[in-house]
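What follows is a pair of complexes built around chain A, which joins chain B in one and chain C in the other.
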Partner chain A sequence: MNANTVIFAVVVVLGLLTARRTTVTWHRVLPLGLLTGILLLAPAFSDNLSVLTPVFIGALLGMGWNIIGGYAGYGSFGQVAFFGIGAYAMAASIATTENFLALPPVAGLLIAAAVSGVYALLVGLPVLRLRGHYFAITTLTLAIATQQLVKNLDFLGGASGISTPIIRKQQLLFAELDRDTYFYFLGFILTAGAVLATWWLSRSKFGYGLQAIRENEDAATSMGIDTTRYKLQAFIIAAVITGVAGALQAYLRSGVSPEDDGVFQIRFNLLPLIIPLIGGTGTVWGPLIGAFAFLGIEHVLTSASGSSTFVQDWERVITGAIIVAVVLLLPRGLVQLVGSRGPRGWRMFADNIRATRV
Partner chain B sequence: MLIAQYTVNGLLVGAVFALIGLGFSLVWGILNIINLAHAAFIMLGAYFSWMLVHHVGLNPILTIPIVMAILFVLGYAMQRSLLNLVMRAPLLTTFLLTFGLETLIINLGQRLWSADTRSVPVSYSGRGIVFSGNGIDIGRPGSEANVVVPFVPLVAFVIALLLVAGVWIIMERTRIGRAIRAVGSDITAAKLMGIDIGHTYALTFGLSAALAGAAGSLVAMQQGFSPATFGAYNIRAFIVVILGGLGSVPGALAGGIVFGLIDQFSQAPLPHGGLFGWSSLARIKDVIFFAVLLIVLIVRPTGLLGREGYR
Partner chain C sequence: MSHVVGDEVILDVRDVRRTFGGVIALGGVSFQVPRGSITGLIGPNGSGKTTLVNIISGMLRPTSGTVMLKGNDISGTAAHKIARMGLARTFQVVRPFANMTVRENVAVGAMFGGANRRSASEAMEVAGSVLQKVGLGARADAPAEELAIMGRKRLELARALASQPEVLLLDEVLAGLRAGELEEAIALVRSVSETGVTILIIEHVLKVIVSLCDEVVVINRGRKIAEGPPSAVMRNQAVIDAYLGHRAATRHSGAADA
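So, the complex of A and B:
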């Protein structure tokens, strides 16, 4: 049991308490304050801060998917396309080698967000005309097509990708930070921004429109919702958040590669799905909880096995098993555990299954 | 004679793609599930074939019935124990469940059989029917060959067509086929006629898995493979079904052939020394498939021969 394991567990518990349905305000504000405090102070007592930064990347991936898949009900299976595009835009912006722009990282992040958004606009126009199965598998095709296209464009480095400078020390806001702390707080700020965006969305007319589309698109149209515009906006917001996650990945790893172990790897297509699924789709806190829960499990397995190859070898087998188990037993994710309605304990699992079987 | 050769190759691989698409189309049309574990079944078929050839010494063709039987049982059990539990859930749930199963099985395969490239040796590989200026010959193609019909893909072509025909007979001429079609067109009416829904779903899924297994054996005979090779087959199956149209055996066949032709013709060299430094479009094959998919879905969403549901 190391300090990071404790942080993972505490964040999941506090996240669930924050997500709880309650009418008493301080029942939510207190856990939220504690959650923020823990995350801000984590660098002080974490035993290895570089374990926590990828959790923010995972949380961003989950939050991006959650907007289009969770709120609008358009389950995208190709978010890795936007992750990769964002990562490439970032790398091309900050790389100092010939033909690249050598811009400061903030400009890189903005460019990555813009490029991912424009790509989503171009792709979304035709793809969002499709529904259900057709949408899902077309986005899956999009992911593969995007990787292949990027890999075969020579001005993006072709098969070797793009390398960017390694960061050792960097100025963030007012302080000069060492590498691990810098990336941790950068991830924290971006994640906090995404949480705020989702929170705003969940209470806005736009967010209710998306949920209406999820429940019944034809009914939403007849209620006067411009479904095409809403879906496209949601798709773009999702892509921007996902692209920013990709940009952070490229920045953190000092570059991008188009190969199957690079920014287009299957892992980054699985994380956007599994993280909201574990935490709870269509909720503000679900993706954050899911990221700390799922990557926490991976962290515990890594620490327990004493070598990192165990998780590398079995990671996707475990991921697959977790997806199957969660879909069957807890389709509404961990937040269902703190829901105010319905039965508790084993009855809850049994009821979840009984509701959908033939 | 490049065009003739590409056409021959396209037709030959097209039949195997038709077989892959048919199993996918059955489950989609009857169960309304996009089965992302289909590629995993193809992988299992390929590896079971490989094991039977390597450890038991069977002829590759004789492994096909055994592989189909194993995959049928596996598919039946999977539908009965897992997928039947979510049949009334939203589309996203079944999609995610099969996505999870796919991830689980493919990566389990990677652990069991390693990521090394395997192949199933066939004694007559490399030989074929050679059409050249000197007439028709049988053997290895030489430099004077115009068009070659290679034996191994030809055998795969024939087996795939036989299996497609077999499915057509099952669906159209047998009691089980009628029950499957009944469940697909109206589940309540089918239930009232005394059809066991859970059992029929499982039979359909088992049949689809068996077809995927057979396709896996046929793929294994023709190319080297590793577990990661098979991930792309879900999308191929989907495109075949979209091209041909959901819910008919002839549709799957037409879709498979068209897909095979696109697949082969994309390897044709580009004029004027290529585009962006690409000598042929094969390097961006998946981009082409994505474009074809979008165009067909938007211009003619029912495909070449398709209708709603499975009939």
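So, the complex of A and C:
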């Protein structure tokens, strides 16, 4: 067991304690303080910080999807479109080669957020008229179409993509940091921002409106909710968070490629779905918990596959089995473990299986 | 009668037609609802009652004809805008927001309905007092999915009331209730009416119509066949033929006269 494995486990536990339903404020503030502390101090005792930065990208992907899929109930299967758009916007902004903008990274992040948001506005207007399976299929098509579109745009580098400078040292706020520490804290700040945004949303009129749409769209509209506007706003916010995740990916990997192993790869279309599912959809802390839990399991399996050929051969199968187990035993995600409703312990699992069985 | 019926027409349905493909669901229906009244809308299954409610509340567009709310043409206006103009409705098949608490369900009504002005925290307080009024105060923090049918109907009503509507459309809220529950529910509707809310109530339970309504509109096969005070309508031969059957008519007109 290495230091990173411990960090993954501790973050999941503290995340769950923070997500607990309780009326006693310090029961949540204390674990939140510890969680923040652990994440801020992780660079001091992590054995390999570059393993943790992608977890923030995963958490952002999960939190982006969570706004439209978890709160508004419109499960998008095409978030990679916005991830890729954000990544390309970032790469085109900060690349120093000819025809690109050579802007500072902060400007790149803002441009990526804006471009992803505008793209969501344009595609959202027609796509959000669809419900259920039709919406899901259309967003999946959107992901494929966006990749092909970008691949064929010569000013975005065509089939070869865009390369950006490799970062070795960089100034972040007041300190000059080495590469790994810099990207870790950049990921931390962006993730913290997304958590705050989701927390605000969960308590706002907007958030209640989205949940009403998820629960019953006809009832929501007859109660005075402008469902078209709310869905579009949620779709845009989701795309902005996802686009920022893509921007971080492009920045971290020094560029983008339109190929199937690049920013449009299927992994970045599945993580936004799997992560909230594991942590808990439609909750503030679910995606963060899900990111550390799921990517933590991947990390453990990858570490073990060095010494075990069995794990090496069966890694994907084990990951898949864990996803199925969580969906069956905890359909509301890991946060259900700390929920205040329903039975506890084994009875909870048994009830969940009974409820989801066909 | 303790509620006040004014001269002003608050809801005016004018020659509303609606077709689905070749099927005529509504073949030109007109009626008026005076402010402060309890008006009943009855008709056999498939007569077009719910289609009419859906048109008035903006869930469906009329093929032709107009609906006027407080003097404004609302035919074809989006449902959420009509809700903000002071019209609330319940659904025949109740639609609770199952994964939200009872209080949150009602707060959504308070937040967006009416003028759409309340903040989330103000709406939570309004929700608390409305839940007391409909007798769900003790269940405020339970998930809505845990409510039984009577509770769900109360919740449906509470959500509509929380928006402080001027006009309330009740789409068969009383169907499926047992005798004791029915008395309770009727008292509840009366108390809502006494606060000045105009009510258009769609019902199958004839006892309700007779004891509760000032005026009744009867539709059959998409057309209005009678309107007037309940006692007169119940004796109307066209109504008896279309809907009631002779025995029921005798019994209920007797009850109304007593």
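Keep in mind that, in the parts below, the second predicted complex is superposed on the first by the 338 of 358 C-alpha atoms of A that agree within 3 Å, B and C clash if a C-alpha of one lies under 4 Å from a C-alpha of the other, contacts with A are read in each partner's own complex, and residues count from 1 in each chain.
Keep this in mind: contacts are C-beta pairs under 8 Å (C-beta built on N, C-alpha and C of every residue); 3 or more make two chains touch, one makes a residue touch a chain.
Not measured: the values here are computed from a predicted model.
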Chain B versus chain C as contact partner of A:N2, first or second or both or neither: neither
Which superposed partner A:V317 touches (first chain B, second chain C, both, neither): first
First (chain B), second (chain C), both or neither touched by A:Q211: second
Partner chain(s) touched by A:R203 [first = chain B, second = chain C, both, neither]: second
Which superposed partner A:N152 touches (first chain B, second chain C, both, neither): first
First (chain B), second (chain C), both or neither touched by A:L130: first
Partner chain(s) touched by A:S222 [first = chain B, second = chain C, both, neither]: second
Per-residue touch tally on chain A - higher for chain B or for chain C: B
Complex contact set, residues of chain A against chain B: 69, 73, 75, 77, 126-127, 129-130, 132-134, 136-138, 140-142, 144-145, 148-149, 152-154, 260, 266, 270, 273, 277, 313-314, 316-317, 319-324, 327-328, 331, 353, 355-358
Residues on chain C engaged by chain A in the complex (per definition of touch): 57-59, 78-80, 83-84, 88-89, 91, 95-100, 104, 107-109, 111-114, 116, 118-120, 123, 143, 159, 163
Residues on chain B engaged by chain A in the complex (per definition of touch): 28, 34, 82, 84-89, 91-93, 95-97, 99-108, 110-111, 197-198, 201, 228, 231-232, 234-235, 238-239, 276-278, 283-287, 289-290, 293-294, 297-298, 301
Interface residues, chain A side, partner chain C - complex: 203-205, 207-209, 211-212, 214-216, 218-227, 282, 341
